[in-house]
C-alpha cells in the first residue's frame, strides 16, 4: 500500500514536471509573438507613429490570430491532460512533438504578418500546415493516452470523445488547407468555425459524448 | 464525500495550471522589455557609451514604466485570484483576454521609448489604450468570478470591493486617455495616481469595503 | 519526528524550486530557437515566400536538431532527477553548469543554420563541443548525486547505470567531435545513434542494469 | 484551528506564486543573454566562422559573467526565501525591485560585450551599478523579512547573519564601483572575491553566525 502510494506520488511529480515544462513553452511562445510587432516600429524610422501602425495592420491581425491559436492550443492541452494520471517516455515524446509545433507557431505568424498583403494564399497555406500538425499532435496525445490506459479509468468512455474530435479536426484541417489554393475567403470561414468549436473543447466533446450514448441506447432498444 | 474531495483536488490542479501559465506569461512579458533597451546599444555603433545611454533616456523611462505597469498587473492578478477556488472554460477565456493585453504591453512600451521625445501625445494615448484594456480585463475577471460563484463564499462580500475598484479604474482610464489629446502633464499625473492606488490593491479595496459597510450600517440605523 | 518531517518538506521545496527554475530555462531555450527562424524572413525583403523558405533549408534543419537536442536534454534531466531527494549548494552549481550549456545551445544552433552550407565541418564541430559539455554536465550531476547520497537509497544500485551511460556518452561525444575534422557523414551517423539511445534513457539504462546484474550473478556462480 | 490552517495554506499559496513568478523571471533573464551572442553571428556576413568567434571574445566573456551573476542571484534568492513563511504587499514590491534589477541585467551584460574592448572602465562601472542595486535589493528583502517577522521564528537568530552579509555587500560593491574609475584590475579582483563568497551564501553566513555566537559567549563570560 505504502509502495503504491509512493509510486503514485512519483508518477504525479513526473506528470507535474511535464505540465510545468509544457506550460512554460506555451507561455513563452505566446509572449514571443510581440517581438514581431515591435520589429515593425523599427522598420521605417522617421515616419509618423499612427501612419506606421495603420500601414502594418497585417502585423496586428497576425498577432491576434497567433495569440488565439496558441491560447486555444493551451486550453485544449489543459483539458486533455485533466484525466491523464501517469506518463511514460513515449508519451513524453508525443507531447514533445506537440511542443515542437507550438514553438514553431511564431514562424507562420511572422509569415502571415509579412506576406498577408502580398502572397495571401501561400501565407495562409503555411499557417494551414501548422494547424494540420497541431491536430495530428493532439490526436496522437489523446489516442496514446486512451490506448495505453494513462487516463483515469472512470472517465475512459468520456475521453473517447476527445479522441474523436481531434481525429475529425485532422480531416477538417486538411480540407481547409487544400482550399487555400483555390480561395481565400472559404478557408478563413473554415478556420473561424474551427476556432469556435475548439474554444470550448469540453462543451463540444460533451455534446458528442451524449449523442454517442443516445445512439448506443437507440441501437440497444432496436 | 470522497467524490467531492476528488473533485476539489481536480479543480485545484486546473486552477494551478491556469496560475502557472499566467505567471509564466507575466514573467516573460516583463523580462522581454529589456530587449528594446539592448537594441539602443546597437543603434549608432562607434558612439561613446555614456553619451549613447544619455541620448536614449526615453528608453530607460519607458522600460521603468513598462516594468511597473506589468508588476502592478501581476500583483493585482495575484490578489484577485487569492479567493478564487475554481475555474471554467469561459473564465479561462476571460483570463486569456487579460494575458492578451499583458503580452501586448511590450509594444506600447517600445512605442513610448521611440516616440516619447517626438510624438509624446500619440505615444501616451497608445499606452493609455493599453491601460483601458487592462482595466476592462481586470473588471471582467472579478465580475465573472463574483457573479458565477467561483470565489470562496465567505469572502463574497469583501470581493465585491475588488469588482468595484476595477470598474472605477475603467472610467478613470478613459478620462486619462481622452486628456492625452489636450495635455501631456495632466494624464501623467492621473496615471501616477493610478499607480499609487493599484500598487496596494488590498489596502485600497479594504478601505472601500469598510466605507461601504459603514454606509450600510448608517442606512439601517436611520 | 516532527522535526524530520519538517526538514523533509523543506528539502522538497528546495528541490521543487531547483526543478521549477531548470524547467523554465529549458522551456525558454527551446522556444527561443524560433527567433532565428523568423530572422530568415527579414533577410531579403521582396523575395517570394516559398523560394525564401526553400533557400533557408539549413535554418529548418538546424531548428529541428536544436529542438531535439534540448528535448532529449530535458527528458534526461527529468529522469535523472526522478530519484533525487535532496539538494545542496554544490549540487545547485553543478546543475547550474548544465543550465549554462542549455542556455548556450541556441548559439551553436544558429551557427549550424548560418554555416551548414558554407563551413559544414567547423559548424558541426562547434555543435559537437556543445554535446561534449552536455555529457560532462550530465555525468557530473549523476556522479555527485550518487556519491553524496542525494538519491533515494533503494534505487541506488539502479542509479549507478545512469552514471555509467553518461560516462560512456562523454567518450562517445569526444570521438564524434574528433571525426568532424575528417568526415561529415560519420559524425552525423554517430550523433543519430546518440539521439536514438538518449531518447529513451530509462529503457537504455534498464538494459545496462540488467546486464550488469546478470554479470554479477555469473561471477558469483563461478 | 481550522481557520489558522486555512490561513496558513493561503499564505503558502501566495508565497508559492511569488516564488514561481520570481523563478520565471530569473530563468528568462538568464536565457535571454544568448540572444546577444547570436547577434554577433549576423554582424559581418561572409566572414569565416572561427575568426568571427575569436574576434568577438568579449561577447563570450560577457555572456559567462552575466550568467554567473544571475545564477548567484538566484541561488541567494533561493536561500534567503528558505526560511520565509509569509508575504505581504510591501514585501512583493521589495521583491519586485530585485526582479527589476534582475531583468535589467542583460543590458549591462550587452554593454560589457560591446564596450569591454573599447571603453572598459565605463563598461565595468555600469556593471558595477548593477551589482550595487542587486546588493541593495537583497539587503532590503532580508531586512524587511527579519524586521516584519515574515520568517520562521526558530531561525530568526540565524537569519540575522543573512541580513549582515548583504549589508556588507553594499559597502563592498560601492568600493569596487568607485575603484573602476581608477583601475581595471583591482575591481575585477574585488568582483571575483564577491563571486566566491556569494556562490555559497549558506556556508558564508553560517561561518559569520558562529563567529557572532562565539563573540556573545565571550562577552557573557567576561
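For clarity, chains are labelled A, B, C and D in written order, and residue numbers in each chain start from 1.
As a convention for this text, a contact is a pair of C-beta atoms (placed from the backbone, for glycine too) under 8 Å apart; a residue touches a chain by one contact, two chains touch by 3 or more.
The model shown is predicted, which means the values in this text are computed figures rather than measured ones.
Fewest steps needed to get from subunit B to subunit D, stepping only to touching chains, is 1. Ranked by separation of Cα centres from subunit B, the top chain is C. Counting the residue numbers that touch the partner chain, subunit C and subunit D have less than half of them in common. Between subunit A and subunit D the centroid-to-centroid distance comes to 38 Å (mean Cα coordinates, whole Å). Centre-to-centre spacing of subunit A and subunit C amounts to 27 Å, using the average Cα coordinate of each chain. Within subunit B, residues 20, 24, 27-28, 32, 35 each touch two or more of the remaining chains. Those residues of subunit A that touch subunit B in the complex are listed here as 19-20, 23-24, 26-28, 30-35, 37-38, 41-42, 48-50, 53, 63, 67, 71, 74-75, 78-79, 82, 199-200, 202-203.
Listed in rising order, the residues of subunit C touching subunit D in the complex are 10, 13-14, 17-18, 20-21, 24-25, 27-29, 32, 35-36, 39, 89-90, 92-93, 96, 99-100, 103-104, 106-107, 110-111, 114-115, 118-119, 122-123, 126.
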